[in-house]
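There are structures below to look over.
Paired with chain B in one complex and with chain C in the other, chain A is shared by the two complexes that follow.
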Partner chain A sequence: MLPHRSRLSVLVFLAPPLLLFGGGVLLPIVQSLVLSFFEWDGITGLDFVGLENYRALLLHDDVFRTAFGNQLVYLVICLLLQVGGGLLVATLLMTITRGREVLKVLYLMPAVISTPAIALLFQRIYSFEPEGLVNTLLGAVGLDALARPWLSDVSTVLTAVSVPEGWRFLGLYTVILYAALLSVPRELEEAASLDGANAWQVFARIRFPHIMPVFVTTLIMATTYALRGFDIPFLLTNGGPGQASELVTTYMYKTAFTSGHYGSASAISVIIVLECLVAVGLILLVLRRKAD
Partner chain B sequence: MTSAPLAPPVPAREAAAPALGRRPPARRRRERPTGLRISRIVSRVLIAAVLVMQVYPFLWLLQTSLRDREDFAAANPFSIPTQLTLDNFSRAFEQGHLLRSILNSLIITGGACLLLVVCGMAGAYAIAVLGFRFSGLVRGLFLLGIVVPVQVALVPLFIDYSRIGMLDTHLSVMIPLAGFALPMALYLFLSFYSYIPRELYEAATLDGAGPYRIFARITLPMSWNTVVTVVMVNAIFIWNDFVFANTFILSEELKTIPLGLQDYVGAMGNTDWTATFAAVSITVTPLLLVFLVLNRAMIYGLESGASKG
Partner chain C sequence: MKRKQFLALAAGTASLPLVAACGGSSGGAASTAAAVDGEIEPRAISWLLSRPANGPVIEIMTALAEDYAAEHDGFSLKLITTPDRPSYIQKYETLAAANELPELFDTDATPFAAKLNSAGRMIDVEDLLTQLGVLEDFRPAALDYQRFDDGSLRMIPLEFGVELFWYNKGLFEEAGVEVPTTLDELTSACEALAATGATPIAVGGQDAWPLERYVAYQPFRIAGPDYVTKLKSADAAFADEPGAASAAWLAKLGEVGAFQQGFSSVGYADAQALFTSGKAAIYNMGTWELPNLATSALPEAMREQIGFFTLPVTDGSVTGADEFVAPSGIGVAVNAQTYDPLVRDFLAFVLERYPAEYAKSGLLGPTGIDPVVPEDALPIYQEAIGVAAELGEATLMPWDTQLDPATNSRLQQELVLLVQGDVTPEQFLSTMDEALTTNAPKYFED
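What follows is the complex of A and B.
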């Protein structure tokens, strides 16, 4: 603490960030919360309805229920690809001696591409007519029977819109987890392998416990990002066909900006926030307890 | 932990290599090299496979954008184009408003990054250097912003903006973009400021410098590395933002690159893929080049962000 600071100087430095954060983040959160107790079409007056928006969503809205289930599938696929895949690739990187820095950069490349560009790319990768990359590849290995229009087939569309998101940030989590793996003391690993531990044991008993704090952080990042995942499903299928790839986030967007039910949309966005908080709480509860 | 990734870690991996072999070294000494070799080959094949997965779609995009329209429609998508053409690029420029959207993206990214850096620096200075009674509370408040999903701000901001006539402006997109990126930036600055020795400030105070002069003469000049990190990590996400721009920008003239791309498909129908991919290449390439040159700062920011979070 500086001895000669005045109250005014603290205010001068603190005001801009508080204004930006208050106006751009905190105020909207509070407004969403308030608005979720009202029914409002944006034109006529506000109607206080209490918890009715939540009740309708949770008890009577089949689309919401489908969207919620879909979001969970989306979450699982993203976690498998990003955290699972990232951990695997980071571990693999530890086994080679040259080119690791270059590989890290190349793995990160998809994270630099904007979501509309990725959506365009995958629309073509999945396409059936003209034959896209996936179907050509299946044909080449003799699995023609599996070829299909991935984005309009109800049974595959949800996976198809989830994979690009997982793929996009695989490199990001690889880089983070790799940095953590590097910080594991080499002597511990060496001592363990001298004692006869195999590769898996070294990983499970030494490396993984050591990177646990970073692993928890990446898990939280990946989970909250997946729960708010929106762009790629919105751009690729906009929730279709039917509600086969509808996520809570795309449903919220439609409820607000297509149907104009701002109250109900706010309730959905509050639910998304709650989902994130619950997920973070669960992760901390389960993994912290395990670590103790 | 954060400084480790910057120094390329090359030292003798060989020494630890036996750990990767399948068997305990003491008992089956003669088999060790075989097990080692197999696991090495497997791991290299996997590394290469992931590399292809991450890079090939981009290469495919580039070669498609250079391919003749008819050739693309007829041929196997994996095949290498027989002849290259720049036709698609001229069509991409003709039919879209690429330059205009690039300019809009530059304005929004520049403005949001400026807001972010100024607010992040000032906030961290107030919390870490000046200090005040409720600084812990303010810190916690900002922490909240890391977990909160951006969707929660869409509806209220849309309503607020339309009330005060700010809808459909560059600023309407900059504010939430900078606001939601602020917590992470603030923490990067905070962690850096905690390394500046207190004696430096005490000496300056003894010389009669006040809080503004100390900021301008000591803290600010030392912050440039962190500024680069903050800008590199966030510029890419801000440049690529889709959801805020898509919600708050309504007129054609203000569309950013991600929005402009979305229109491409609508404007040309799904038939002119090669021109669409040319447009995608034009918008992706500059960012990739910047990334390939400056990736150290970005990777460093990502890693330290995660280990602090």
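What follows is the complex of A and C.
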């Protein structure tokens, strides 16, 4: 227990960031929650409709359902690329000694490029006419039959918009996981090797359990980012063709700023917040079960 | 295009909390008449607009604002421009909801604008133009395009154009097709063109409106301009004959490969390049692109090849061959809440000089003044200008200015799927009718 005076000073120092957080994050969430019980077009007055916005979204809105499913696929692809790919690359980095720093910087590079630049880049990469990188490569190895307008084909577009987001932050998670791997005590690994453990066993029994806390943090970060993912799909396809790459977030944006249904859009934003909380809760729950 | 989209996006997301914060503070019932008393007090005013950067409208307005500022110390006109239309609309609607629209803002006569108008947030432009004594100078068609359904005029047109089908004579010859006179002939022409390996029609799907024009063509020929007027308030259905014919026709166009592959993610400039580089045979575009299509700006190989035809008819068409899309572009609305003697005086200054200046740009203007055809124009330039003089009575109103925003954005999405063959015409019609009955009442209840 802290003495009285220093408890007061802790409070004094914690209050400003708390106020900022409350005013900048909590207050808008509460406002969205309130607005989600109303119908509002931005011009005329507010109409209280109770839970009608939620009912319409969950029961009658086929676009919302599609967007929700798409967001889950988007989440899986991002997690695979970011956390899975990040772990793989970090482990591989551990095995080399020369050029590590250069590679780390190179992997991290996309994370510092601005989103519109990445969107432009991938628009060209996926382009069909004029032929972009993907289709050129396919042609070069004789797979012309697979060449297609990746961003216009309803069966490929969702993957096509998810990959840039995954690729973009691959380096960030690589660096975090790499730093964690560095902290694994060498003696333990060596002792295990002496006892006859192979590389996989060293990874699965020693390294991975050791970096678990960091891994959970990266998993939570990547999950919440992917559930809020918006910019690249919005810039690349604006949710199209049809609703094939519509995410809950892009749909929320359109509902508010194109359709002018601010109440319904607020309901979607509340659902996104809940979605993130549930996802984080699930991750923690599963891991706690495992730990017990 | 992408950068601009991002800017609008940034503006939109930045104002997200703002939108949540400003519930219900919609505008008071300001007087919408154009008369206003008092001293002119020069200040900085802003114009939220969606026009091509460095286009004639922006250049002329900037120059006129500078002239006005020279006489009125302290005046300046700040332009907030978002040429990319979908991004613009998001920005404009967000600002409207936040009650932060500037003195002047661009808008079409959409249901959203009608709501703003009924909330008393726009000045009566008919009254303003009458008081300034310039109403008679405007082309009636240019004014009519800006009017709401009840005939009220709240936007000033700054442009005028007719939309034509530009075509490549060489590619037509190669495919052995004639200029189509009916919409069905257009389909068979596309089929023949596709067989030669050319792209029949270049369309910029990313902007959404170029493809949306096509959905309006069959209904305009079969039922005239009334269909969409009834449709938007759900007094008619997409599944009715004109809509059904349109869906079937578009599906057929998609089936014969009329549009370039991957058209839905192709931008405005790329689509035009596809045509001007001689790869695509047909390009549906307004006369505002004449400087790029009918002057020495056009690649040399195309200059002999380019021709145009107007919107084909159908058998038993109720509208004539001289009736099609003749828009006066997005109009300028005057914010009633910030309207004062200065705004009025500035508009008087501008409207007196603008038409003559605009004619010098070589484009058809909103008034009757003939454009000055540029020296490097191809003969077809004058021909295209001439079409405007022979327009019929009825005008095809683009559907994106007619439908409520939610139905409209659903239509834009579903059209892509329909043309790509991802949904059948029946699915398209039932999806659209459902979207319409859900969303239209929110805009057209009264």
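Here is the rule we go by: the second predicted complex is superposed on the first by the 270 of 292 C-alpha atoms of A that agree within 3 Å, B and C clash if a C-alpha of one lies under 4 Å from a C-alpha of the other, contacts with A are read in each partner's own complex, and residues count from 1 in each chain.
Keep this in mind: contacts are C-beta pairs under 8 Å (C-beta built on N, C-alpha and C of every residue); 3 or more make two chains touch, one makes a residue touch a chain.
These numbers come from a predicted model, not from an experiment.
*Asks:* May I ask you to decide whether A:Phe13 touches chain B, chain C, both, or neither, giving the answer as first, second, both or neither?
*Replies:* The answer is first: A:Phe13 touches chain B but not chain C.
*Asks:* Look at A:Thr44 in the shared chain and tell me whether it touches chain B only, chain C only, both, or neither; answer first, second, both or neither.
*Replies:* After superposition on chain A, A:Thr44 lies in contact with chain C alone.
*Asks:* Touch check for A:Ser259: first (chain B), second (chain C), both, or neither?
*Replies:* A:Ser259 sits against chain C, while chain B stays out of touch.
*Asks:* Examine A:Ala145 and indicate which partner it touches, taking first as chain B and second as chain C; both and neither are also allowed.
*Replies:* A:Ala145 sits against neither chain B nor chain C.
*Asks:* By the touch definition at the top of the document, which applies to A:Ala180: first (chain B), second (chain C), both, or neither?
*Replies:* In the superposition, A:Ala180 contacts chain B only.
*Asks:* Just checking: does A:Met221 make contact with chain B only, chain C only, both, or neither of them? Give me first, second, both or neither.
*Replies:* Only chain B; A:Met221 stays clear of chain C.
*Asks:* In the superposed arrangement, which partner chain does A:Leu59 touch: chain B (first), chain C (second), both, or neither?
*Replies:* After superposing on A, A:Leu59 lies clear of both chain B and chain C.
*Asks:* Which partner does A:Ala192 contact after superposing on A: first (chain B), second (chain C), both, neither?
*Replies:* Only chain B is touched by A:Ala192; chain C is not.
*Asks:* Of chain B and chain C, which one touches more of chain A's residues?
*Replies:* Greater contact footprint in residues on chain A: B.
*Asks:* With both complexes overlaid on chain A, does A:Gln243 touch chain B (first), chain C (second), both or neither?
*Replies:* A:Gln243 contacts chain C only, not chain B.
*Asks:* Identify the overlap between the chain B-contacting and the chain C-contacting residues of chain A.
*Replies:* In the superposed arrangement, which is not itself an observed complex, chain A uses residues 24, 27-28, 31-32, 35, 42, 115-116, 120, 123, 231, 235, 253, 256-257, 262, 266 for both chain B and chain C.
*Asks:* Give the list of chain B residues in touch with chain A in this complex.
*Replies:* Against chain A, the touching part of chain B is residues 1, 4-5, 8-10, 13-26, 39-40, 43-44, 46-47, 50-51, 53-55, 57-58, 60-61, 64, 73, 76-78, 115, 118-120, 122-123, 125-127, 129-132, 138, 141-142, 144-145, 147-160, 175-176, 178-180, 182-183, 186, 201, 205, 210-212, 214-215, 236, 239-240, 242-243, 247, 257-259, 261-262, 264-265, 270, 273, 276-277, 280, 283-284, 287-288, 291-292, 295, 298-299, 302-303, 306-307, 309.
*Asks:* In their shared complex, at which residues does chain C touch chain A?
*Replies:* 2-3, 5-6, 9, 12-13, 16-17, 19-21, 23-24, 26-27, 86, 89-90, 93-94, 96-98, 112, 115-116, 119, 121, 205-206, 260-266, 274, 405-406, 409-410, 413-414, 416-417, 420, 422-423, 438-439, 442
*Asks:* Which residues of chain A touch chain B in the complex?
*Replies:* 1-6, 9-10, 12-14, 16-18, 20-21, 23-29, 31-32, 35, 42, 85, 88-89, 92-98, 100-101, 103-117, 120-121, 123-125, 130-133, 136-137, 140, 167, 170-172, 175-176, 178-180, 182-183, 186, 189-190, 192-194, 196-199, 202, 213-214, 217-218, 220-221, 224, 227-228, 230-231, 235, 249, 252-253, 256-257, 262, 265-266, 269-270, 272-273, 276-277, 280
*Asks:* Over in the complex, which chain A residues touch chain C? Could you list them?
*Replies:* 24, 27-28, 31-32, 34-35, 38-46, 60, 63, 115-116, 119-120, 123, 127-129, 148-149, 151-152, 154, 231, 234-243, 253-262, 266
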